[in-house]
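Order as written gives the chain letters A, B, C and D; numbering starts at 1 within each chain.
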């Protein structure tokens, strides 16, 4: 029988990989969010980018694994980015990817980079110039572009012409990047457009990246696919092309639910991490940025981010426990049950104790959620952050 | 060969049915709507329930088929419902169903009628008492209840206990109705809850109605189903049980897109109307209320409602053109292609000329969209409705 | 921190429940199966019902949890059912549910119980009389009816008339049952019909059961739902109505894939078992029969059944480990993360060691798969079962 | 108001396009087919490739639009291809694409071109050499490869290694083609594999084609996508890349139902043809081969193919009726309702009379179905084709 104690099975190398893994947090996850029906306000929610970064730093403080914070422009516009970066550094974190926003300006109602009107397209391109300035000011190297453009009705616009306009706009943006910058392009199956998105799938995103150049890579948001889509296959495919730039982690039962990663289908998250690990893409220099992109509509935001980081860590630890030799031998010999069993053996292992020990070895509390709850931080921000406009989507 | 001119094939009885069909409009379709990302404002949008009804009356003026307007409480709360009803009557329309709203109060974050806290459940029940008062004041006979309650995470609450609480709340509401009132209960697959809705499907809605009594009936919103669901089967099933109370018409490609009815899958709308016609449920006394429930996020609202009414009329006209004798003979003899062909023959018929003639026979313009555009109404409201808060979801 | 060793947390009562749980095996899982493209033959596959039962008995021998075998009529027709039952008893198993087959007779091309031709319907009803005779001969108490009837094309037949015919046929079958017999009715979303199944969902199955009487109950096949359907909600709903008669366990990524239960989404299986456990429906006298219904197209059949039984046991053990007090307290107080965490704590526990110990306490080998592999049974049947027609669907 | 008589609106050029459109028929559509549960036999079904071609020629005889027949190897293996081609020529048709079959050999249980065993991969490559010989003997220029390879269970094999093996095998096949040959590569979402197909989507198929060279193009089977996928977007995308090689037309409600094209969602078929027409890809020299790929499980096969050809013609005629000037003006000006209305105006037009006239102008009967029924051909083959093994999948 297989030894079920994972500590006996984790190699030193795997242990180092686990310790080295980092997960980027999105600033907007700390503001209020909701559905089209209602955004429920929570007490203590940040009122500006500085407070968002402070909250994000708490997640890093208790997990030791979340040292970067993505910004969102214009939501996170501030007068002084050096001050924001310094604030982050003081709290032990750095600025990660810069996300451009193409969905909240009235002029973008019928599209931004794909809009029939050249003036609107020009405006959308120029917004990215502003984002690149923020990158320079903050030291960020990833410009992240999620295109909300699309159509609600058949015939509303010309599907193919929109691809041409998009290619043109991306070219201008890509040309403006500094040599150390990447353009990371995200795709989405549907929403906010309900007939056809202009970048609906990985194939479309990849074709645009291939046309742009080596520093254009694809972002895979785990919630942005048709029902039943095999996401780990896409992970493998993008890795094979050398174009998997980042993850936007979250989870879903139906549409783009943006629930905590690993909460809807933990086995899927494990399978994704297995593709990452087996392709050697866990290493910090692999070019794959692991980010969260979630909406905490009804649960408290900081603990929800902590839990999400832990979920990614648990899936990663299990992926690192796969006995590669046993797995590959079974695969080679056509032993269907044996190969599947080798994978499941790792998945079925309880790695929470292992991760608790690793945290303690880093001087962290074994259970980040308990430690955060005991810290009094929540009570403090609820008391302090009274008045002012809470941050949220659109704020 | 079959005669393709539909005027030669429409029976007098079918012609009368077409002329008698009415479609109820939702007041909220005239306010701004959007996605969780953005609500785009449109010029001339109503600022209060009186203006919403004025716009709805325009749809009736040009189609002759939309004489009722559903209200939504609290969005359409006014001080004087007699005045609102009189305003409607002056414009040639009446008040239709009263929709209760259980999703926009902060206390409802974790549920309303199913909330674990009895105080919240009590509040939700009492909200319906207020709605029933509005019914009495406006002469409305349908209390429409769409339950947004549900869970985002497995384990968040007890699925079964929530059904028990729901049954209890519905009982109290049902008991408060007047004898001429109906409770119409809507189901929805997902959104705003992303793990489990408390009334996710027609089976659940129907079980609650059966437990309540004869005046509890089901609302079928065409956008509220899992991918691939055969909606006309559900129509047939609910008609067979005598419990199809109403439609909320709209259309979808993905989730609950709330696009104009008939715009995504006109053949499906035709199949639905074929079930209605073949069960004799088109008649005004059938108990089936045909309503629209749509979001015009990017298109102008009044023409979009006109187009939607026309789409329902076209689907209905085609359903009335089905040659029942040919169809049934083919069905009885197991002639698969013949039976399908009989249905398709009606669907493939162009009924627009026929409907234009019917409109003219009623003293209406043959093309409602052209006539409305020429009326100058849009220009008038754009000029008049400057200032004030535009109506929208939540306004 | 929570104690992760599950042995410390399993109550005596839960331990007894685990030991008492039984899972029924389908005779057809031991024959060859496949897709419409190809059935791949495996060596040693049974050639008659006696050999199927012998193979099923192996699963029971090594798991101690699979003491019943479902038969399928006409696939498992034999001359002497007393002999078959005695053969089963010799091998330590009994005969479980009797499945009627309504899909392999040429006359059923356009339907069986719903066929437009009364003669075909009569034949289909009479087939069930034969099945009831087999029940009497074998001591089976469950007549299991999965209706493959449906339409491929809109208009092909009258949806509502087919419900009426179905109700009539079910009435005749139900009337023929002995007092100790149950009729268990299964639903399916699609396949073999591709436009509309006549029992496509739990609502339809339940309505027919309610019309029949107390001994008509619903079978939930985990693969028979639309994408995204929340299956545990249906489990809770049917338990609330007292009408969950049985499971057909298997798993799926896409359609009715019929993969090994727990292999595609082990978390879903756990959530289902959590509903079962929390409603007290795990007890043998609950009326819920846990059955497998799977196709082992490419993997060896006996080990695949063993693995499936183990998967159900693991999910059940985890469900029994849920700390109900912690869970309910969190639910009552609206602690979303706490309640979800209580559930996940059980799910994330590794219960394999616990189950190995329980097996040893029953005198079984701790790992059934290893023990079966070491037994030489596979080699024996491969050598012995040469010649003759292998059993399979349709054989 | 728009003139609804389509004859007044069809330009001469569009009329010529309609007359020039051809649709290729699959030989296997004339044999029996079914589901994994049952293949129902029909009287008069062909017993060899010669009889299949004779039946296909009937479809061409009555529609004038189906002059090519695809073969399937090994199902359509004959000793003398010159004789088969001559037989086809005598009946007025030619041989179209040659389809390789990689799913019915026992050795392919775990894959063909992606199998872990190099010997199996070699065999699969060599099977294509045989197909290329058939191409040379029949004058076919398209080698069509649908890869049924994939996995049923996570871990069963290495996803990425399978892509590498596939790339290698395709390279060998591509290298063996003659200069006038194309390799047309089909993708499929799922089935027969239920966890992961090796070519599951258009992105994967296109990447392999790009790696191979200019004569490798993608086949779009309309039934091979995830629920909700916007197929016309993929059409536009592949046309934009110059890599849309062919369609496999059919229709679906759920999975790969293989129903008659246009029967499940005629509006979708119209939207697809609108992309084709607006990209100029209807022209015979566009490189897009319009083929049917359907299963007539319960309907008679020749009339079902005739109906399918007519459905494609009707969708094409409607697409040709789109008033491009009105559409583009509305698109440019952001007139959402106007642009959608321009498309719908064409879709809502009844083109059956127009097509009947076009047929008569070619010396054909106006209604192919009636003319075929009156011809006595069905009665003749039912009488003649008694005895022998009927063709079907696998026969």
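One rule holds for everything that comes next: contacts are C-beta pairs under 8 Å (C-beta built on N, C-alpha and C of every residue); 3 or more make two chains touch, one makes a residue touch a chain.
It should be emphasised that the depicted structure is a prediction, and the values quoted were computed from it without experimental measurement.
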Of A-D and C-D, whichever chain pair has more C-beta contact pairs: A-D
Duplicate of the A-C contact set - from B-D, A-B or B-C, the pair where over half of the pairs recur: B-D
Length of the line joining the C-alpha centres of chain C and chain D, rounded to whole Å: 38
Of all residues in chain C, the ones touching two or more other chains: 110, 152-154, 189-190, 195, 227-228, 230, 253-254, 263, 267, 298-299, 336, 340-341, 344
Chain C - residues contacting chain D, complex: 33-38, 40-41, 103-104, 106, 109-110, 148, 152-154, 189-192, 194-195, 227, 252-255, 257, 259-260, 263-264, 297-299, 393-394
Residue ranges of chain A in contact with chain C within the complex: 1, 4, 227-228, 230, 253-254, 263, 265-267, 298-300, 303-304, 307, 314, 336-337, 340-341, 344, 347-350, 352-353, 356, 366-367, 369-370
Residue ranges of chain B touching chain C (in the complex, touch as defined): 110, 116-117, 152-160, 163-164, 189-190, 195-196, 200-204, 206-207, 225-230, 232-233, 236-237, 239-241, 267, 271, 274-275, 278-279, 327-328, 331-332, 334, 336, 339-344
